[in-house]
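In what follows, a structure is listed as C-alpha coordinates, so that the remarks can point back to it.
Think of it as A, B, C and D in the order they're written, each chain with its own count starting at 1.
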Amino acid sequence: MKAAGKHRWFVPDAYLPAESSHGLESHEAACLLNVSDEDARVAFTFYFEDREPIGEVALSLGARRTRHVRLDRADELGVELPRGTPFAYAVESDVPVVLQHSRLDTTAGGYTLFTTIAYSE
Amino acid sequence: MKAAGKHRWFVPDAYLPAESSHGLESHEAACLLNVSDEDARVAFTFYFEDREPIGEVALSLGARRTRHVRLDRADELGVELPRGTPFAYAVESDVPVVLQHSRLDTTAGGYTLFTTIAYSE
Amino acid sequence: MKAAGKHRWFVPDAYLPAESSHGLESHEAACLLNVSDEDARVAFTFYFEDREPIGEVALSLGARRTRHVRLDRADELGVELPRGTPFAYAVESDVPVVLQHSRLDTTAGGYTLFTTIAYSE
Amino acid sequence: MKAAGKHRWFVPDAYLPAESSHGLESHEAACLLNVSDEDARVAFTFYFEDREPIGEVALSLGARRTRHVRLDRADELGVELPRGTPFAYAVESDVPVVLQHSRLDTTAGGYTLFTTIAYSE
(Lines give C-alpha, C1' and ligand atoms only; values in the text may rest on other atoms or scores of the structure.)
Protein backbone atom coordinates (compact mmCIF):
# COMPACT_ATOMS: atom_id res chain seq x y z
CA MET A 1 0.00 0.00 0.00
CA LYS A 2 1.09 3.58 -0.59
CA ALA A 3 2.78 5.05 2.50
CA ALA A 4 0.55 7.01 4.86
CA GLY A 5 1.12 9.16 7.91
CA LYS A 6 3.66 11.69 9.04
CA HIS A 7 7.31 11.83 10.10
CA ARG A 8 6.78 13.61 13.45
CA TRP A 9 4.30 12.74 16.19
CA PHE A 10 3.65 14.19 19.65
CA VAL A 11 1.85 12.99 22.82
CA PRO A 12 1.66 15.54 25.67
CA ASP A 13 -0.23 13.38 28.20
CA ALA A 14 1.83 10.33 29.10
CA TYR A 15 1.78 8.83 32.58
CA LEU A 16 2.48 5.39 33.95
CA PRO A 17 0.27 4.92 37.01
CA ALA A 18 2.14 3.65 40.06
CA GLU A 19 -0.66 1.30 41.11
CA SER A 20 -2.50 -1.59 39.50
CA SER A 21 -5.46 -3.85 40.21
CA HIS A 22 -7.69 -6.43 38.49
CA GLY A 23 -4.58 -8.54 37.86
CA LEU A 24 -3.72 -6.17 34.98
CA GLU A 25 -0.74 -3.86 35.14
CA SER A 26 -1.44 -0.18 34.51
CA HIS A 27 0.42 0.78 31.34
CA GLU A 28 0.60 2.90 28.22
CA ALA A 29 1.16 1.84 24.64
CA ALA A 30 2.50 3.86 21.72
CA CYS A 31 0.75 2.11 18.84
CA LEU A 32 2.51 2.58 15.51
CA LEU A 33 1.35 1.64 12.03
CA ASN A 34 3.56 1.46 8.96
CA VAL A 35 1.49 0.59 5.89
CA SER A 36 4.36 1.30 3.50
CA ASP A 37 6.62 -1.27 1.85
CA GLU A 38 9.72 0.06 3.61
CA ASP A 39 10.88 -0.74 7.13
CA ALA A 40 10.82 2.29 9.40
CA ARG A 41 13.31 3.46 11.99
CA VAL A 42 11.46 5.36 14.72
CA ALA A 43 13.08 7.41 17.48
CA PHE A 44 11.37 8.28 20.77
CA THR A 45 12.22 11.33 22.90
CA PHE A 46 10.68 11.60 26.38
CA TYR A 47 9.93 14.98 27.97
CA PHE A 48 9.45 15.78 31.65
CA GLU A 49 8.25 18.67 33.81
CA ASP A 50 11.48 19.36 35.63
CA ARG A 51 14.43 17.85 33.78
CA GLU A 52 15.98 17.56 30.34
CA PRO A 53 14.53 15.08 27.81
CA ILE A 54 15.64 11.44 27.53
CA GLY A 55 16.44 10.04 24.10
CA GLU A 56 16.58 9.34 21.34
CA VAL A 57 15.47 5.76 21.85
CA ALA A 58 15.52 3.96 18.49
CA LEU A 59 13.12 1.18 17.55
CA SER A 60 12.32 -0.58 14.30
CA LEU A 61 8.92 -1.01 12.70
CA GLY A 62 8.64 -3.39 9.77
CA ALA A 63 7.01 -2.67 6.44
CA ARG A 64 3.27 -3.48 6.52
CA ARG A 65 3.35 -3.93 10.28
CA THR A 66 1.90 -2.45 13.44
CA ARG A 67 3.76 -2.34 16.71
CA HIS A 68 2.14 -1.60 20.06
CA VAL A 69 5.11 -0.41 22.14
CA ARG A 70 4.57 -0.82 25.87
CA LEU A 71 6.08 2.22 27.56
CA ASP A 72 6.35 0.44 30.90
CA ARG A 73 8.59 -2.34 29.61
CA ALA A 74 12.22 -1.24 29.86
CA ASP A 75 13.41 -4.40 28.12
CA GLU A 76 11.22 -3.64 25.09
CA LEU A 77 11.77 0.11 25.01
CA GLY A 78 15.43 0.19 25.98
CA VAL A 79 14.86 2.82 28.66
CA GLU A 80 13.19 2.75 32.06
CA LEU A 81 10.49 5.38 32.42
CA PRO A 82 9.40 6.45 35.91
CA ARG A 83 5.95 5.52 37.23
CA GLY A 84 3.75 8.13 38.91
CA THR A 85 5.44 10.96 36.98
CA PRO A 86 3.85 13.13 34.26
CA PHE A 87 5.76 13.00 31.00
CA ALA A 88 5.28 13.45 27.25
CA TYR A 89 6.94 12.09 24.16
CA ALA A 90 7.77 12.70 20.53
CA VAL A 91 8.27 10.08 17.84
CA GLU A 92 10.24 10.75 14.68
CA SER A 93 10.27 8.26 11.82
CA ASP A 94 12.22 8.11 8.57
CA VAL A 95 9.15 6.63 6.82
CA PRO A 96 5.63 8.08 7.26
CA VAL A 97 3.79 6.26 10.06
CA VAL A 98 0.69 6.77 12.21
CA LEU A 99 0.74 6.97 16.03
CA GLN A 100 -2.11 6.36 18.46
CA HIS A 101 -1.54 6.65 22.21
CA SER A 102 -3.48 4.62 24.80
CA ARG A 103 -3.45 4.09 28.56
CA LEU A 104 -4.88 1.37 30.78
CA ASP A 105 -5.22 2.62 34.34
CA THR A 106 -6.19 0.10 37.02
CA THR A 107 -5.24 2.30 40.00
CA ALA A 108 -7.21 1.97 43.21
CA GLY A 109 -9.47 -0.80 41.97
CA GLY A 110 -10.47 1.18 38.88
CA TYR A 111 -10.34 -0.07 35.31
CA THR A 112 -10.25 2.50 32.53
CA LEU A 113 -8.79 3.03 29.06
CA PHE A 114 -8.22 6.18 27.07
CA THR A 115 -6.88 6.77 23.58
CA THR A 116 -6.21 9.44 21.00
CA ILE A 117 -4.53 9.73 17.65
CA ALA A 118 -1.38 11.72 18.45
CA TYR A 119 -0.66 15.18 17.05
CA SER A 120 1.38 15.10 13.85
CA GLU A 121 3.07 17.45 11.44
CA MET B 1 -25.52 16.99 1.79
CA LYS B 2 -22.19 17.72 0.14
CA ALA B 3 -19.72 14.84 0.62
CA ALA B 4 -17.35 15.13 3.60
CA GLY B 5 -14.37 13.18 4.81
CA LYS B 6 -11.41 11.45 3.27
CA HIS B 7 -10.63 8.40 1.12
CA ARG B 8 -8.01 6.83 3.42
CA TRP B 9 -8.24 6.21 7.17
CA PHE B 10 -5.90 4.53 9.67
CA VAL B 11 -6.27 3.07 13.19
CA PRO B 12 -3.02 1.88 14.83
CA ASP B 13 -4.50 0.66 18.14
CA ALA B 14 -6.96 -2.15 17.51
CA TYR B 15 -7.38 -5.04 19.94
CA LEU B 16 -10.20 -7.43 20.69
CA PRO B 17 -9.92 -8.35 24.38
CA ALA B 18 -10.10 -12.09 25.03
CA GLU B 19 -12.27 -11.71 28.12
CA SER B 20 -15.66 -10.19 28.86
CA SER B 21 -17.85 -9.45 31.86
CA HIS B 22 -21.01 -7.51 32.81
CA GLY B 23 -22.94 -9.63 30.29
CA LEU B 24 -21.44 -7.44 27.53
CA GLU B 25 -18.93 -8.81 25.06
CA SER B 26 -15.68 -6.89 24.73
CA HIS B 27 -15.52 -5.53 21.20
CA GLU B 28 -14.40 -2.83 18.81
CA ALA B 29 -16.42 -0.91 16.25
CA ALA B 30 -15.24 0.89 13.13
CA CYS B 31 -17.90 3.59 12.86
CA LEU B 32 -18.26 4.98 9.36
CA LEU B 33 -20.29 7.96 8.17
CA ASN B 34 -21.16 8.71 4.57
CA VAL B 35 -23.07 11.99 4.31
CA SER B 36 -22.86 12.07 0.51
CA ASP B 37 -25.58 11.09 -1.93
CA GLU B 38 -23.54 8.21 -3.36
CA ASP B 39 -23.17 4.72 -1.94
CA ALA B 40 -19.60 3.98 -0.83
CA ARG B 41 -17.51 0.86 -1.23
CA VAL B 42 -15.07 0.62 1.67
CA ALA B 43 -12.16 -1.81 1.92
CA PHE B 44 -10.52 -2.84 5.20
CA THR B 45 -6.91 -4.04 5.51
CA PHE B 46 -5.78 -5.50 8.84
CA TYR B 47 -2.14 -5.22 10.01
CA PHE B 48 -0.35 -7.33 12.61
CA GLU B 49 2.93 -7.29 14.53
CA ASP B 50 4.38 -10.47 13.12
CA ARG B 51 2.66 -11.46 9.89
CA GLU B 52 1.51 -10.04 6.57
CA PRO B 53 -1.72 -7.99 6.39
CA ILE B 54 -5.16 -9.51 5.80
CA GLY B 55 -7.41 -7.99 3.19
CA GLU B 56 -8.89 -6.27 1.43
CA VAL B 57 -12.24 -6.94 3.04
CA ALA B 58 -14.93 -5.06 1.11
CA LEU B 59 -18.08 -3.63 2.71
CA SER B 60 -20.76 -1.28 1.47
CA LEU B 61 -21.96 1.92 3.12
CA GLY B 62 -25.10 3.51 1.78
CA ALA B 63 -25.55 7.15 0.82
CA ARG B 64 -26.60 9.26 3.85
CA ARG B 65 -25.93 6.38 6.23
CA THR B 66 -23.73 5.46 9.16
CA ARG B 67 -22.50 1.94 9.78
CA HIS B 68 -20.95 0.78 13.05
CA VAL B 69 -18.96 -2.26 11.93
CA ARG B 70 -18.29 -4.71 14.76
CA LEU B 71 -14.76 -6.04 14.29
CA ASP B 72 -15.45 -9.11 16.42
CA ARG B 73 -18.29 -10.38 14.23
CA ALA B 74 -16.83 -12.56 11.49
CA ASP B 75 -20.25 -12.94 9.88
CA GLU B 76 -20.62 -9.18 9.52
CA LEU B 77 -17.02 -8.42 8.59
CA GLY B 78 -16.33 -11.44 6.38
CA VAL B 79 -13.10 -12.25 8.18
CA GLU B 80 -12.32 -13.65 11.63
CA LEU B 81 -9.93 -11.46 13.59
CA PRO B 82 -7.99 -12.95 16.50
CA ARG B 83 -8.81 -11.97 20.10
CA GLY B 84 -6.02 -11.05 22.51
CA THR B 85 -3.74 -9.93 19.65
CA PRO B 86 -2.60 -6.35 18.88
CA PHE B 87 -3.52 -5.28 15.38
CA ALA B 88 -4.21 -2.16 13.32
CA TYR B 89 -6.27 -1.37 10.25
CA ALA B 90 -6.71 0.86 7.26
CA VAL B 91 -9.95 1.73 5.49
CA GLU B 92 -10.06 2.93 1.90
CA SER B 93 -13.26 4.29 0.39
CA ASP B 94 -14.19 5.33 -3.13
CA VAL B 95 -16.38 8.12 -1.72
CA PRO B 96 -15.18 10.46 1.09
CA VAL B 97 -16.27 9.11 4.49
CA VAL B 98 -15.42 9.69 8.16
CA LEU B 99 -14.10 6.96 10.50
CA GLN B 100 -14.21 6.87 14.29
CA HIS B 101 -12.80 3.89 16.19
CA SER B 102 -14.13 2.71 19.56
CA ARG B 103 -13.53 -0.15 21.98
CA LEU B 104 -15.60 -1.59 24.81
CA ASP B 105 -13.38 -3.57 27.18
CA THR B 106 -15.08 -5.59 29.92
CA THR B 107 -12.04 -7.70 30.81
CA ALA B 108 -11.55 -8.84 34.40
CA GLY B 109 -14.76 -7.30 35.67
CA GLY B 110 -13.86 -3.89 34.23
CA TYR B 111 -16.12 -1.76 32.04
CA THR B 112 -14.47 0.90 29.89
CA LEU B 113 -14.87 2.61 26.53
CA PHE B 114 -12.39 4.54 24.44
CA THR B 115 -12.74 6.36 21.13
CA THR B 116 -10.89 8.54 18.64
CA ILE B 117 -11.46 9.95 15.22
CA ALA B 118 -9.05 7.92 13.06
CA TYR B 119 -6.11 9.44 11.20
CA SER B 120 -6.95 10.42 7.62
CA GLU B 121 -5.29 11.70 4.53
CA MET C 1 -11.08 36.75 20.35
CA LYS C 2 -10.57 36.01 16.67
CA ALA C 3 -12.96 33.30 15.46
CA ALA C 4 -11.60 29.73 15.47
CA GLY C 5 -12.82 26.40 14.21
CA LYS C 6 -14.67 25.14 11.18
CA HIS C 7 -18.12 25.34 9.62
CA ARG C 8 -18.72 21.57 9.26
CA TRP C 9 -18.22 18.85 11.88
CA PHE C 10 -18.87 15.09 11.87
CA VAL C 11 -19.26 12.39 14.55
CA PRO C 12 -19.64 8.82 13.26
CA ASP C 13 -19.96 7.03 16.63
CA ALA C 14 -23.02 8.28 18.46
CA TYR C 15 -25.09 5.99 20.67
CA LEU C 16 -27.40 6.58 23.61
CA PRO C 17 -27.18 3.51 25.85
CA ALA C 18 -30.54 2.11 26.85
CA GLU C 19 -29.47 1.37 30.43
CA SER C 20 -28.11 3.43 33.29
CA SER C 21 -26.71 2.90 36.78
CA HIS C 22 -24.87 4.78 39.56
CA GLY C 23 -27.80 7.22 39.67
CA LEU C 24 -26.40 8.86 36.52
CA GLU C 25 -28.21 8.65 33.21
CA SER C 26 -26.18 7.34 30.29
CA HIS C 27 -25.92 10.15 27.76
CA GLU C 28 -23.94 11.90 25.07
CA ALA C 29 -23.05 15.56 24.75
CA ALA C 30 -22.14 17.54 21.67
CA CYS C 31 -19.89 20.19 23.19
CA LEU C 32 -19.63 23.33 21.09
CA LEU C 33 -17.31 26.31 21.51
CA ASN C 34 -17.75 29.68 19.81
CA VAL C 35 -14.86 31.99 20.70
CA SER C 36 -15.89 34.60 18.13
CA ASP C 37 -17.78 37.82 18.80
CA GLU C 38 -20.76 36.73 16.69
CA ASP C 39 -23.62 34.48 17.74
CA ALA C 40 -23.69 31.22 15.81
CA ARG C 41 -26.59 29.30 14.34
CA VAL C 42 -25.77 25.59 14.33
CA ALA C 43 -27.75 22.87 12.56
CA PHE C 44 -27.61 19.19 13.50
CA THR C 45 -28.36 16.33 11.08
CA PHE C 46 -28.66 12.80 12.50
CA TYR C 47 -27.72 9.72 10.42
CA PHE C 48 -28.80 6.12 10.96
CA GLU C 49 -27.92 2.67 9.66
CA ASP C 50 -31.23 1.87 8.05
CA ARG C 51 -33.29 4.99 7.44
CA GLU C 52 -33.01 8.51 6.05
CA PRO C 53 -31.40 11.28 8.16
CA ILE C 54 -33.33 13.46 10.60
CA GLY C 55 -32.84 17.20 10.49
CA GLU C 56 -31.85 19.89 10.31
CA VAL C 57 -32.30 20.69 13.97
CA ALA C 58 -31.32 24.31 14.58
CA LEU C 59 -29.78 25.57 17.81
CA SER C 60 -28.13 28.83 18.80
CA LEU C 61 -24.70 29.31 20.35
CA GLY C 62 -23.85 32.72 21.71
CA ALA C 63 -20.70 34.71 21.00
CA ARG C 64 -17.90 33.81 23.46
CA ARG C 65 -19.89 30.88 24.81
CA THR C 66 -19.70 27.10 25.07
CA ARG C 67 -22.77 24.87 24.96
CA HIS C 68 -22.76 21.21 25.97
CA VAL C 69 -25.82 19.90 24.14
CA ARG C 70 -27.26 16.76 25.72
CA LEU C 71 -28.35 14.47 22.88
CA ASP C 72 -30.71 12.53 25.15
CA ARG C 73 -32.83 15.55 26.07
CA ALA C 74 -35.57 15.98 23.52
CA ASP C 75 -36.72 19.20 25.16
CA GLU C 76 -33.28 20.75 24.74
CA LEU C 77 -32.51 19.35 21.30
CA GLY C 78 -35.95 19.63 19.75
CA VAL C 79 -35.93 16.06 18.53
CA GLU C 80 -36.19 12.69 20.28
CA LEU C 81 -33.30 10.38 19.42
CA PRO C 82 -33.69 6.64 19.97
CA ARG C 83 -31.80 4.85 22.72
CA GLY C 84 -29.95 1.60 22.02
CA THR C 85 -29.52 2.50 18.32
CA PRO C 86 -26.25 3.34 16.52
CA PHE C 87 -26.32 6.73 14.87
CA ALA C 88 -24.01 9.54 13.72
CA TYR C 89 -24.36 13.27 13.27
CA ALA C 90 -23.15 16.31 11.41
CA VAL C 91 -23.12 19.89 12.67
CA GLU C 92 -23.05 22.88 10.35
CA SER C 93 -22.49 26.39 11.67
CA ASP C 94 -22.63 29.80 10.03
CA VAL C 95 -19.73 30.95 12.26
CA PRO C 96 -16.58 28.86 12.81
CA VAL C 97 -16.95 26.71 15.95
CA VAL C 98 -15.25 23.70 17.55
CA LEU C 99 -17.04 20.42 18.36
CA GLN C 100 -16.02 17.74 20.85
CA HIS C 101 -18.18 14.64 21.34
CA SER C 102 -18.42 12.74 24.64
CA ARG C 103 -20.39 9.81 26.07
CA LEU C 104 -21.11 8.71 29.62
CA ASP C 105 -22.10 5.04 29.66
CA THR C 106 -23.37 3.61 32.95
CA THR C 107 -24.86 0.44 31.45
CA ALA C 108 -24.85 -2.77 33.48
CA GLY C 109 -23.29 -1.20 36.57
CA GLY C 110 -20.38 0.21 34.55
CA TYR C 111 -19.20 3.81 34.60
CA THR C 112 -17.15 5.04 31.66
CA LEU C 113 -16.55 8.18 29.63
CA PHE C 114 -15.10 8.65 26.17
CA THR C 115 -14.37 11.75 24.12
CA THR C 116 -12.86 12.97 20.86
CA ILE C 117 -12.57 16.19 18.95
CA ALA C 118 -14.94 15.62 16.00
CA TYR C 119 -13.78 15.51 12.38
CA SER C 120 -13.97 18.88 10.64
CA GLU C 121 -13.53 20.41 7.26
CA MET D 1 14.46 19.76 18.54
CA LYS D 2 12.73 21.87 15.92
CA ALA D 3 9.58 23.50 17.32
CA ALA D 4 6.32 21.62 16.75
CA GLY D 5 2.67 22.39 17.29
CA LYS D 6 0.41 25.38 16.95
CA HIS D 7 -0.17 28.76 18.58
CA ARG D 8 -3.91 28.34 19.28
CA TRP D 9 -5.68 25.38 20.89
CA PHE D 10 -9.32 24.74 21.86
CA VAL D 11 -11.13 22.31 24.19
CA PRO D 12 -14.96 22.48 24.10
CA ASP D 13 -15.68 19.76 26.70
CA ALA D 14 -14.23 20.76 30.06
CA TYR D 15 -15.94 19.86 33.32
CA LEU D 16 -14.72 19.38 36.86
CA PRO D 17 -16.97 16.78 38.49
CA ALA D 18 -18.31 17.81 41.88
CA GLU D 19 -17.87 14.36 43.41
CA SER D 20 -14.96 12.01 43.92
CA SER D 21 -14.32 8.46 45.12
CA HIS D 22 -11.54 5.82 45.22
CA GLY D 23 -9.45 8.29 47.25
CA LEU D 24 -8.69 10.13 43.98
CA GLU D 25 -10.02 13.60 43.31
CA SER D 26 -11.93 14.03 40.06
CA HIS D 27 -9.97 16.46 37.91
CA GLU D 28 -8.92 17.62 34.48
CA ALA D 29 -5.46 18.29 33.14
CA ALA D 30 -4.40 20.50 30.24
CA CYS D 31 -1.23 18.70 29.15
CA LEU D 32 1.16 20.93 27.22
CA LEU D 33 4.33 19.98 25.36
CA ASN D 34 6.99 22.42 24.20
CA VAL D 35 9.71 20.58 22.28
CA SER D 36 11.34 23.81 21.10
CA ASP D 37 14.43 25.45 22.57
CA GLU D 38 12.51 28.56 23.65
CA ASP D 39 10.43 29.01 26.78
CA ALA D 40 6.74 29.51 26.02
CA ARG D 41 4.24 31.90 27.55
CA VAL D 42 0.79 30.32 27.37
CA ALA D 43 -2.49 32.10 28.11
CA PHE D 44 -5.71 30.31 29.07
CA THR D 45 -9.21 31.71 28.47
CA PHE D 46 -12.18 29.88 30.02
CA TYR D 47 -15.63 29.92 28.40
CA PHE D 48 -19.00 29.22 30.01
CA GLU D 49 -22.59 28.62 28.96
CA ASP D 50 -24.14 31.67 30.56
CA ARG D 51 -21.51 34.28 31.35
CA GLU D 52 -18.54 36.11 29.84
CA PRO D 53 -15.17 34.34 29.60
CA ILE D 54 -12.53 34.42 32.35
CA GLY D 55 -8.93 35.23 31.42
CA GLU D 56 -6.35 35.50 30.20
CA VAL D 57 -4.57 33.38 32.77
CA ALA D 58 -0.85 33.34 31.94
CA LEU D 59 1.43 30.39 32.65
CA SER D 60 4.98 29.54 31.62
CA LEU D 61 6.19 26.37 29.91
CA GLY D 62 9.91 25.81 29.68
CA ALA D 63 11.85 24.85 26.59
CA ARG D 64 11.99 21.06 26.11
CA ARG D 65 9.40 20.55 28.85
CA THR D 66 5.91 19.18 29.34
CA ARG D 67 3.49 20.59 31.88
CA HIS D 68 0.32 18.83 32.98
CA VAL D 69 -1.75 21.74 34.32
CA ARG D 70 -4.40 20.64 36.83
CA LEU D 71 -7.51 22.72 36.16
CA ASP D 72 -8.91 22.06 39.63
CA ARG D 73 -5.94 23.59 41.45
CA ALA D 74 -6.53 27.30 41.90
CA ASP D 75 -3.08 27.78 43.41
CA GLU D 76 -1.42 26.29 40.31
CA LEU D 77 -3.71 27.88 37.73
CA GLY D 78 -4.18 31.27 39.35
CA VAL D 79 -7.95 31.13 38.99
CA GLU D 80 -10.66 29.10 40.72
CA LEU D 81 -12.86 27.21 38.26
CA PRO D 82 -16.29 26.04 39.37
CA ARG D 83 -17.02 22.32 39.88
CA GLY D 84 -20.16 20.75 38.42
CA THR D 85 -20.34 23.39 35.65
CA PRO D 86 -19.79 22.83 31.91
CA PHE D 87 -17.05 25.01 30.50
CA ALA D 88 -14.51 25.14 27.66
CA TYR D 89 -11.13 26.74 27.18
CA ALA D 90 -8.67 28.14 24.69
CA VAL D 91 -4.89 28.23 25.02
CA GLU D 92 -2.73 30.69 23.12
CA SER D 93 1.04 30.36 23.09
CA ASP D 94 3.80 32.60 21.73
CA VAL D 95 5.82 29.47 20.77
CA PRO D 96 4.25 26.47 18.98
CA VAL D 97 3.10 23.85 21.51
CA VAL D 98 0.85 20.77 21.60
CA LEU D 99 -2.19 20.41 23.89
CA GLN D 100 -3.91 17.22 25.03
CA HIS D 101 -6.91 17.38 27.37
CA SER D 102 -7.76 14.64 29.88
CA ARG D 103 -10.31 14.05 32.64
CA LEU D 104 -10.37 11.66 35.58
CA ASP D 105 -13.94 11.24 36.83
CA THR D 106 -14.46 9.27 40.05
CA THR D 107 -18.05 10.42 40.64
CA ALA D 108 -20.50 8.05 42.32
CA GLY D 109 -17.95 5.27 42.88
CA GLY D 110 -16.96 5.28 39.20
CA TYR D 111 -13.41 5.49 37.88
CA THR D 112 -12.92 6.64 34.29
CA LEU D 113 -10.48 8.60 32.15
CA PHE D 114 -10.93 10.29 28.82
CA THR D 115 -8.50 12.16 26.57
CA THR D 116 -8.17 13.88 23.21
CA ILE D 117 -5.64 15.96 21.38
CA ALA D 118 -7.26 19.42 21.39
CA TYR D 119 -8.33 21.24 18.24
CA SER D 120 -5.64 23.56 16.86
CA GLU D 121 -5.16 26.13 14.19
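Criterion: a residue touches a chain if its C-beta (ideal position, glycine included) is under 8 Å from a C-beta of that chain, and two chains touch if they have at least 3 such contacts.
Being a predicted model, the structure only gives us computed values, none of them experimental.
Asker: Measuring between Cα centroids, which chain is at the maximum distance from subunit A?
Answerer: C
Asker: Please compute the angle of the rotation superposing subunit B on subunit C (C-alpha atoms), rounded to a multiple of 5 degrees.
Answerer: Angle of rotation between the two copies: 90 degrees.
Asker: Indicate whether more than half of the residue numbers at the subunit A-subunit D interface occur in both copies; give same if so and different if not.
Answerer: The interface of subunit A with subunit D is built from mostly unshared positions.
Asker: Which integer distance in Å separates the CA centroid of subunit A from that of subunit B?
Answerer: So the centre of subunit A lies 21 Å away from the centre of subunit B.
Asker: If you average the Cα atoms of subunit B and of subunit D to get two centres, how far apart are those centres in Å?
Answerer: Roughly 30 Å separates the two chain centres.
Asker: In subunit D, what residues contact two or more other chains?
Answerer: 111-117
Asker: Subunit A touches which residues of subunit B in the complex?
Answerer: So the residues of subunit B touching subunit A come out as 8, 10-13, 15, 45, 47-50, 52-53, 86-88, 90, 103, 105, 107-119, 121.
Asker: Spell out the residues on subunit B that touch subunit C in their complex, using ranges where they run on.
Answerer: Residue positions touching the partner: 1, 4-5, 22-24, 29, 31-33, 35, 64-68, 98-100, 102, 106, 111-117, 120.
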